[in-house]
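In the two complexes that follow, chain A is the common piece, with chain B as its partner first and chain C second.
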Partner chain A sequence: MERVPILKIGQILFVSIQIDLQDESVIRLQEDLADELAVTRAHGVIIDITAVEIVDSFIGRMLTTIGSISRLFDAETVLVGMRPAVAITLTELGLSLSGVRTALNAEKGLEILNGKS
Partner chain B sequence: MDELLIQSGDDVVRVRQFVRNAAADNGLSLVDQTKLVTAASELARNTLVHGGGGTARVEVVKSVNGRAGVKLYFTDEGPGITDIELALTDGWTTGTGLGLGLSGARRLVDEFELASKPGAGTSVTVVKWSR
Partner chain C sequence: MDVVGTNERMAAFLRDNHDKVVGRWTELVVAGVRGRTSREEVRRELEDLYALIVRVLSGADEDAAGELTATLDELSRNRARDGFSPIETAVGVFSLKEAVYELVADSAELVPDFYSLSRMVDDLGLRTFEAYSAAREQIIADQSAAMLELSTPVVQLWDGVIGVPLVGTLDSARTQLVMEKLLDTLVTTGADHAVIDITGVPTVDTEVAQHLLKTVSAARLLGAECTISGIRPQVAQTIVSLGIEFGDIATKASLADALALALRQAGLKVVPL
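This part shows the complex of A and B:
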């Protein structure tokens, strides 16, 4: 199983998913992020899915869960870089990812998080 | 026709990659490739989690009017599904999921067929046509 690295930049945790996600990797990411949030007290999480070719119902649910977990640590999650084909497919699948903020790219995601005092 | 074993999370990823290549090679648009690969991911996970593992067959097919398509056939010898109608309902789940796997996969493809009997395993056949 491959692990997704988590980078800390200032008060933000940055996760760029560059692997073909299998279920175990997503569960691991969720746990690693919770640990990092507790230790670093970061106030925001950016998850970059520019390289992610598909988001199915499991991965989608985990992304929503990561958003909920972050909120419990007083951090906001912004999902950035979703491909158009992924957005169309997710919607047709019936997933709205409610509760997770989205932005077009990492830069816009950062703007959202830095607007939070 | 190619047959792939589904016995681990790695195998699910391999099925996705294989389906992606087959879809791209046969003229499916990027959106249709993504829909088919997403459906394949749902069905391969079902095969693994609910069926206790199984196989995926990937076949290139031609329609009567000459369109190319990709046909996927997932089969397992797991406990089977008692109420197929119910299993295909949005939001119905056996446990931890959202209940969108099977019903969502059906929406993402052009043809969908599910055969299952309690104790006799489950097979799902889907087709996505190029436009």
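This part shows the complex of A and C:
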């Protein structure tokens, strides 16, 4: 199983997903991120899914869960770089990813998080 | 009755009376088209058809039947494109019967032969109608495809603000196209605000509202905020009486209001010079 690396940049955790998401990888990411948030006390998480071409209902729900977990550590999650086709699929599935903020790209995601602090 | 014999006798008769029949046939057709096609052109088309009909009737030529249908289909398609009615198109073929009948009416021995020609002409007449309607359907399909392309522009209103003026009825196919174009433009321009203007949408029912909501939530997933503008009084009344909820999506009366909102959210202010 491939692991998704979590990078700490200042007070922000940056996760760039570059692999085809499997269910196990997402669960592992969720665990790793929770550990990392507890240790670093970061105030924001950016999840970059520019390279992700397929998001199914399970992964969609896990992204929401990651958002909820982060909020427990008082960190805000911003999902960046979603592809139009992925957005259309998620909408058709009825997933609006409530509780997770979205931004067009990593730069705008950073602006949102920095504007907050 | 010997079908082959009657066909061959008819073919011989048509060959012998070529000039008379084609002349009369052309006259009848020209009267029907009322100047939309020149006499020479009609004559040329009918000469071709006539020659093929004779070849089919004489039975010697196996390719003739295929050629005849192809020629007839082509002729009917052209008539459909030139705006002739189906009756005018079919009468062009049926009037051959009249032209021939005028010649055979006096001689009783040719009547059974005429009957076989008549049957063939009936088939050809029906054939023109089929080709005619197929051509018409093709035209309609082309037009709706062209309209779909034309009717969904996405324009840039401001740096970071794009506008989608919707004109015409919103169905699933169009919503899909609008959604794709809107999302693609959001990504390529890096805009974070979109204004969907529905001034040109004649009616907003639950289905249209559902399509709009889907488009907005897809745009939100990309991190862009949408405003719906151009809600006319009647549309507002319909929306309320149908109980449609737009939730936390901002709606504005005019595109100008929506643009002002987008600018304010972007932290910009328009002041007089």
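Some observations on this one:
Quick note on the criterion: the second predicted complex is superposed on the first by the 117 of 117 C-alpha atoms of A that agree within 3 Å, B and C clash if a C-alpha of one lies under 4 Å from a C-alpha of the other, contacts with A are read in each partner's own complex, and residues count from 1 in each chain.
As a working rule, contacts are C-beta pairs under 8 Å (C-beta built on N, C-alpha and C of every residue); 3 or more make two chains touch, one makes a residue touch a chain.
From a predicted model like this one, the values you see are computed outputs, not experimental measurements.
In the overlay built on the shared chain, the residue A:V39 is in contact with neither chain B nor chain C.
In the superposition on chain A, A:N105 makes contact with chain C only, while chain B stays out of contact range. Look at A:L97: by the touch rule set out above, it reaches chain C but stays clear of chain B. Once the two complexes are laid over each other on the shared chain, residue contacts for A:V80 go to chain C alone; chain B is not touched.
Shared-chain residue A:I88: touches chain B and chain C both. Comparing which residues of chain A touch chain B with which touch chain C, the overlap comprises 83-84, 86, 88, 92.
Chain C makes touch with chain A in their complex at residues 176, 179-180, 183-184, 186-187, 190-192, 214, 217-224. The touching residues of chain A, when paired with chain C in their complex, are 78-80, 82-84, 86-88, 90-92, 96-97, 101-105, 108-109. By the touch criterion given at the top, residues 9-10, 12-13, 16-17, 20, 30-31, 33-35, 37-38, 41-42, 45, 90, 97-98, 100-101, 103-104, 107-108 of chain B touch chain A in their complex. The part of chain A that touches chain B in the complex is made up of residues 1, 20-25, 53-58, 60-61, 83-86, 88-89, 92-95.
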